[in-house]
Amino acid sequence: MKNKTLGQLAELVGGQVAGDPETKINAVATLEKAGNGDISFLTNQKYTNQLKTTKASAIIVAKDFKLNAKRYTLNADLLIADDPYYALSQIVVCLHGYREHPKTGISKNASIAKTATVPENCHIADCVTISENVSLGDRCFLYPNVFVGPNTKIGNDCILYPNAVIYDNCRLGNRVIIQANTTVGEDGFGFATYKGKHHKIPHIGSVIIEDDAEIGSGCGIERGTLDDTVIGTGAKIGDLVAIGHGTKIGPHCLLVAQVGISGSTTLGSYCVVGGQAGIAGHINIGNGVMIGAQSGVSNSIDSGKTVLGAPAVDAGRTRRTYVLLPRLPEMHKSIKRIQKRLDQLEKSEKS
Amino acid sequence: MKNKTLGQLAELVGGQVAGDPETKINAVATLEKAGNGDISFLTNQKYTNQLKTTKASAIIVAKDFKLNAKRYTLNADLLIADDPYYALSQIVVCLHGYREHPKTGISKNASIAKTATVPENCHIADCVTISENVSLGDRCFLYPNVFVGPNTKIGNDCILYPNAVIYDNCRLGNRVIIQANTTVGEDGFGFATYKGKHHKIPHIGSVIIEDDAEIGSGCGIERGTLDDTVIGTGAKIGDLVAIGHGTKIGPHCLLVAQVGISGSTTLGSYCVVGGQAGIAGHINIGNGVMIGAQSGVSNSIDSGKTVLGAPAVDAGRTRRTYVLLPRLPEMHKSIKRIQKRLDQLEKSEKS
Amino acid sequence: MKNKTLGQLAELVGGQVAGDPETKINAVATLEKAGNGDISFLTNQKYTNQLKTTKASAIIVAKDFKLNAKRYTLNADLLIADDPYYALSQIVVCLHGYREHPKTGISKNASIAKTATVPENCHIADCVTISENVSLGDRCFLYPNVFVGPNTKIGNDCILYPNAVIYDNCRLGNRVIIQANTTVGEDGFGFATYKGKHHKIPHIGSVIIEDDAEIGSGCGIERGTLDDTVIGTGAKIGDLVAIGHGTKIGPHCLLVAQVGISGSTTLGSYCVVGGQAGIAGHINIGNGVMIGAQSGVSNSIDSGKTVLGAPAVDAGRTRRTYVLLPRLPEMHKSIKRIQKRLDQLEKSEKS
């Protein structure tokens, strides 16, 4: 943990100080938990009330914050940033840094095939298995019980957390992170049903994970039946996500926890898929598509759209539907009542 | 397996025998599978019909069971208990006991850092990794391939099943159980998107799992970004549950399989969350809230409420909506028909 | 990889060649990626357009394909098969084969209890744990870090991928495949709540996985409370599926990724459950039932039905509801407008 002045931090993030630039900062904390020497942040208006009680020494805020600040007696100095959340992330990196991985070197208790290429600057923990013809790039960290199957190629600076399993013939780019207990390249769910039996189709495609992608814990990324499954450059995938065989996730997509995507579907770049959403197989999702949590997507979606609901349609429309759904009983009663009034009117008209 | 008389079991659970207290009981079984010497139970009315055919020697029933019993010729003796399900659990413990864990001692094939504290009465299996500065309480069982990251503290009598992964700096209380292939403390899904890149935010919070909590298989419990993620005392979490960074699960909550909760959300005590339900981030769920299976909760909920549906509202209301949802085509037709009748009426009124 | 003529492949699958039976085929590929020497297939009409551009040397098609083919100038020969997808699977097996498992023999770095039975023709990798009284059939492959608990019996020709965990007393038939990071036989989610505490019920049932069943990655198959959980013969289960305690999955069922089934539910044979669908506990699903993706099933279903939606009802009905759901705002407006027109009519009638 390092010690910085607020002024130094402002310089780091290209922001401005409102208050004392000499204020000493040594840690980042939430508004609620922050104390003396801590810097905090406000990016979600839900937490504005905590400004009244926070004991943070400094707070990162957006440029348009100034006026609102008048409602509180703030003892904290302000760091005004163009993008407060990005500034926060830079300051966390500066003051706390990323996890330091155990420098185990190449353990004698790891199983490394003779045909595998493992640079000496890698750290391979106990009980790791590196199979035949695997090649690892420089400075990789493989935590205990990681399994890398035959012929898989891994780039530089990758981190595979404990019990991550990469099957055979997969390809990971540079700076790829795989969190614990995640599986990459297992056989896809592909069976040919014939005369009452489900015959397993060998999956000769594989999985390609491009540079800077990160996969959360407990995920399953199926290998392709014939073609490869692809996780694009810089894509980030949450925990317990299931990706079907042959599906392509475009660069810089964000997939939140428990998302499920069937096989042979394509997502463009910069899509965001909310938690527990499901996407059918064999469809195309354009670039920059936003899919709300728990949505069910069964048709292709054009670039730039924001959808929500099951079935997923335009998000604004679904939000209006969501308001009305719980009023369905009243709507039903209204229709019944209307029918009676109509009966009455028609009766009196005839008479 | 032990041998008890029905009278002894009744005494154990504070219940009464209707029948022969000398009946020998040596096992617990379902009504369907039970045979001579088995005790069974009836707590779900769906199974009442099985009373006609069961071969159980005795059946645990509730106090209000007596009258219904007249409809059947029961050969079984009855054990009448205030809380039949709790009585069942006591009797299963008495006759069958909990799993006996392999007493491996501290394996020479485990990797234990010199700076780690591991009491001699712990059982640490092969291929377990205990990192620097870890401390374990008394009588813990760590199954094969468990990983415990640096600085993590674990209390007494904890059980970590195979391939459970606990990242660095986490804290587990006493009698915590982690089932196989579960991950605790992986990095949260937190990225600051800036100029087209998702920048990883170091997660300096950790995970605290309090006394008597149990986590199922294949779960992912993210560590907090700044603040800790907390699983409260006595909380029980099912399989394949995803808990977001900084979320607090209150004491004695029950989370069924495949629940997903986003980050920075708080659940009070004694909440019950049904299977596959999803809860948004940054909201507050009160005490004793019941959330139905597959619900989608996006707003805070007051204590004591029971909600259901996506979006989740009062459960009674959603149940009425659920009845009407499949009738939407008929409602739509009714509206069309009503419009025609109105047209007709208005026309004849004008003429 | 082998080399065959198209005629030889046609003979293998019992199909007919339209074109040159001497065409050399050495690999299978998608229409998009196929090149010279590749055979491809058309079973999903979505891909018909790719016939215009594919460079495949041959294409597997159905018998009714002939007429449509006239719309394209196809350079590819055709292999006409009764069941093109099954023919594809046979040809992939012929030309590419299944994964060849590393023939590790029985590793000295595996932990094998003295009381366990492990035939010499098995391959047991490093860091595998085989507990007391386990018995393995012939020719099993256990990948690294697999754990097999006490008294579990495994049949012939089973494949357990890395980090698969099978708890105590389970039984796997012949040719069972368990993908990586899956857990079988963990304790079920069963607690008796008494005086504010959730008391853990020992789970004395176990898990039985019958012949030819396959379980995907990251699944959790709970052991039964009293009775066994059963996965039937030839059933195939996708990734991240959660099966509750005591549930019986009938023979040849297909459960797609992220399905969740609560405890004590029974599925008949040949059911198909779509991705992310949830099924409540203590209900009966008949034979051949089709349950759509993301459905929520809370009541028993008769054999042969196709259901969809949450709550799940007849799929045709739900599809009509799905069309109308996003039109709920318009329906609501219509009702309001109708009410005004009625007010007007009633008013003028009275005057």
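Observations on the model:
So that you can tell them apart, the chains are marked A, B and C in the order they are listed, and the count of residues begins at 1 in each.
In the analysis below, a contact is a pair of C-beta atoms (placed from the backbone, for glycine too) under 8 Å apart; a residue touches a chain by one contact, two chains touch by 3 or more.
The model shown is predicted, which means the values in this text are computed figures rather than measured ones.
Counting the residue numbers used at the interface between chain A and chain C, under half appear in both copies, so the two copies meet with largely different residues. Chain B is reached from chain A by a rotation of 120°, derived from superposing Cα atoms (nearest 5).
Chain centres here are Cα means. That of chain A falls 25 Å from that of chain C.
Chain contacts: chain C has residues 127, 145, 163, 181, 218, 240, 258, 276, 310, 325, 328, 331, 335, 338, 342, 345, 349 touching two or more partner chains. For chain B in complex with chain A, the residues that touch the partner chain are 111, 127, 129, 131-132, 145, 147, 150, 163, 165, 167-168, 181-183, 186-187, 189, 191-194, 196-202, 204, 218-220, 222, 226-227, 240, 242, 244, 246, 258, 260, 262, 276, 278, 280, 282, 296, 298, 309-311, 313-314, 317-318, 320-321, 324-325, 327-328, 331, 334-335, 338, 341-342, 345, 348-349. The touching residues of chain B, when paired with chain C in their complex, are 28-30, 32-33, 44, 46, 83, 85-86, 88-90, 92-93, 96-99, 102, 109, 125-127, 143-145, 161-163, 177, 179-181, 212, 214, 216-218, 234, 236, 238-240, 252, 254, 256-258, 270, 275-276, 293-294, 310, 322, 325-326, 328-329, 331-332, 335, 338-339, 342, 345-346, 349.
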